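Lettered A, B, C, D, E and F in written order, each chain numbered from 1.
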Amino acid sequence: MATVKIWTDAQAEADPRVKAVFDDIRATRKSDFVNNVWRALAGQPAMLEATWAQVKDVMAQPSALDPLVKEMLYMAVSIANGCEYCVHSHTASARAKGMSDEMYADLLAVVGLASQTNALVTALQVPVDPEFKA
Amino acid sequence: MATVKIWTDAQAEADPRVKAVFDDIRATRKSDFVNNVWRALAGQPAMLEATWAQVKDVMAQPSALDPLVKEMLYMAVSIANGCEYCVHSHTASARAKGMSDEMYADLLAVVGLASQTNALVTALQVPVDPEFKA
Amino acid sequence: MATVKIWTDAQAEADPRVKAVFDDIRATRKSDFVNNVWRALAGQPAMLEATWAQVKDVMAQPSALDPLVKEMLYMAVSIANGCEYCVHSHTASARAKGMSDEMYADLLAVVGLASQTNALVTALQVPVDPEFKA
Amino acid sequence: MATVKIWTDAQAEADPRVKAVFDDIRATRKSDFVNNVWRALAGQPAMLEATWAQVKDVMAQPSALDPLVKEMLYMAVSIANGCEYCVHSHTASARAKGMSDEMYADLLAVVGLASQTNALVTALQVPVDPEFKA
Amino acid sequence: MATVKIWTDAQAEADPRVKAVFDDIRATRKSDFVNNVWRALAGQPAMLEATWAQVKDVMAQPSALDPLVKEMLYMAVSIANGCEYCVHSHTASARAKGMSDEMYADLLAVVGLASQTNALVTALQVPVDPEFKA
Amino acid sequence: MATVKIWTDAQAEADPRVKAVFDDIRATRKSDFVNNVWRALAGQPAMLEATWAQVKDVMAQPSALDPLVKEMLYMAVSIANGCEYCVHSHTASARAKGMSDEMYADLLAVVGLASQTNALVTALQVPVDPEFKA
């Protein structure tokens, strides 16, 4: 259950600002599916517009990293932050963008290893090597 | 400052188990540099051996994801977990493996965006869409 | 599902220490509603008493910050810590204390922005400016 | 030490995009001081511009919450996320905007209490009360 | 709902690598119950084998700390990391290994106190005393 | 550097409330050493008194768990929360209370393993087994 209303398509259609964002999500993704995070943000149109603009700019524009790598980085952060919804939505997106079972296994291995060594390094308070200075 | 002794090369040379791991780190990486995390773990040889074996297996073996992508996933987790040493060491490793300034900018943009939307989704307690079910 | 029993009103009535705390919660809040966190703590009366005393002291006594601001700070920490129950209970409390939709939008914007810049600053390991020293 | 170069004023003056942001920071804040986070972001002008635009929009525009409350929410998130630089910079900003010692004590009490009860609730896995549904 | 398939016993029986691990879990624990984390990992046999080997080595071998203390440390980390499944499974394991209600109350008190003082220390950015140096 | 003043002994002597707490810390611990967290809290006497009372009650009173186990649980939470000062102070306290190198190795192994499996479980979104219900 959410702390806010999850907007239906009918409700979204009736609000021009929300409709415009939902239309752009559908056009950008070439899919009729609008997932719940956007329906939850719809009650605050300014935040809906700004968040979608930022997601579109970072994730949907061609850039130095390919879209699947960016999606897997998003997954890694979402796992580390323990965000249930985000883990589900970005795992699904990564699969849709071509993440194979072998790639997923690799991601899990790296995320698990990093979490383990992050904890060890924090426990030991390892001093940063001067060689790592920028 | 660390909570344990940071072993010098001379100290490592005098302990066969530590020497064996340090030798393998140098051979695997084709570099004489052994960074502080291994020097901090040297006081506990079983953990040193197990951790290095796991890092070597996950990060240095050919697998579905290329080495730079795995290093960038390691960075993303380390940033999300707030591990200062790990951020430094894996940023340096990623650069050594070919991360360009443009790729680094992309990683920062994704990590920043994911952190922001993770927080929003947690605040709103967005319910997981049935479409995301495995 | 909880890791401990959630006490009913009948069970609470039968235990004098639990009854005393539940009575004080109802009197302090001028409401008959006792939410689940107190029902979960009821099996450990010393912790129930100490936690309620601390919550009452910090949140229900007049102090330098007004009650709504304190409730919103509680929300911000609960979101950052990813505590589902806490996000729900403190969002509901903030609304009951007068948080408008506009204030909620502001809180979400700040929490999202802070999460994003926290991640960027951690990624870049920005050194603290000497001007910030106490 | 940072993972990137911290730009000096001379370096910023020589790059029109960076100069424009630094000028706007100084004008907006009515102060000559440009803190290190902006100097660290200067190597990536697009991110510098986008981050400053978002900070200016959320923190410096009149909105439902007063500027000091927004700054204290920023502090709370930064503390919960364990971001050293962010804790320093936003504590300094909150003081500059009028946070008294009594208000600071209140913030610390709420942040400490929330961290404690977040942990207890997570340990007990308290189920969300139906009364909290939106 | 999981992001991967949760393997049934029939499915596990049909895959020799998965069957071998499930058999060893049952033999090691002297119980027929195989909990969901192993059923979720079964799709990635290499990770299933490696994770079980590490859990068995760390948790089921005699070592300096008794098994219950190790289980309670596992609980403490899982609570701090906000991992719902892990809190449930390790609380159940600790109870099975003899954690009394009084010990559980103690653990909750320490975890709550540590979370609170961690937040205060981070807020105040307390410098490490030279006396704590290794 | 701290966000607040670190009180010297001379300053503490001059304030009766601070002096009383410092005296009790020294008497309780049978040591003249008062570490920085108390010197940082001294500017807010009510919080100093309440925090010390809670630490003394939880950590210094005989209870179901022995003092070393409680100190190691404190370490585990502090590591998971990434609190540098807390890791240092509680590692030093655990050593003073008898944590051997072998026990420390065990703690590190459990904390590392738990961090790794917490991440895997979060990534896979493993459903809680009905058998774990209270």
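Here, a residue touches a chain if its C-beta (ideal position, glycine included) is under 8 Å from a C-beta of that chain, and two chains touch if they have at least 3 such contacts.
Note that the structure is a prediction, hence the values are computed from the model and not measured.
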Legend entry - From chain C, the most remote chain by mean C-alpha position: B
Inset, instruction - For the copies chain B and chain F, give the interface type as same if over half of its residue numbers appear on both sides, and as different if under half do. - result: different
Inset, instruction - Could you see whether C-D or B-E has the larger number of C-beta contact pairs? - result: C-D
Inset, instruction - For chain A and chain C, let me know how many angstrom lie between their CA-based centres, rounded off. - result: 27
Inset, instruction - With chain centres taken as the means of their Cα atoms, state the distance from chain D to chain E in Å. - result: 35
Legend entry - Centroid distance [mean C-alpha coordinates] between chain F and chain E, Å: 22
Legend entry - Multi-partner residues of chain E (each touching 2 or more other chains): 1-4, 47, 51, 54, 77, 79-84, 87-88, 91, 105, 107-109, 111-120, 122-125, 128, 132
Inset, instruction - Work through the pairs of chains, note which ones touch, and then classify the graph as line, ring, star, complete or other. - result: complete
Legend entry - Partner chain C, residues of chain F touching it in the complex: 1-5, 50, 54, 128, 133-134
Inset, instruction - Give every residue of chain B touching chain F within the complex, in rising order. - result: 1, 3, 43-44, 46-47, 51, 77, 81-83
Inset, instruction - Using the touch definition up top, name the residues of chain C that touch chain B in the complex. - result: 75, 79-80, 82, 84, 87-88, 91, 107-108, 111-120, 122-125
Legend entry - chain C-touching residues of chain D, taken from the complex the two chains share: 1-4, 6, 33, 35-37, 40-41, 47, 51, 54-55, 58-59, 63-65, 69-70, 72-74, 76-81, 83-86, 88-92, 100, 102-103, 105-107, 109-111, 113-118, 120-129, 131-132
Inset, instruction - Mind listing the chain E positions that touch chain C in their complex? - result: 82, 87-88, 91, 101, 104-105, 108-109, 112, 119
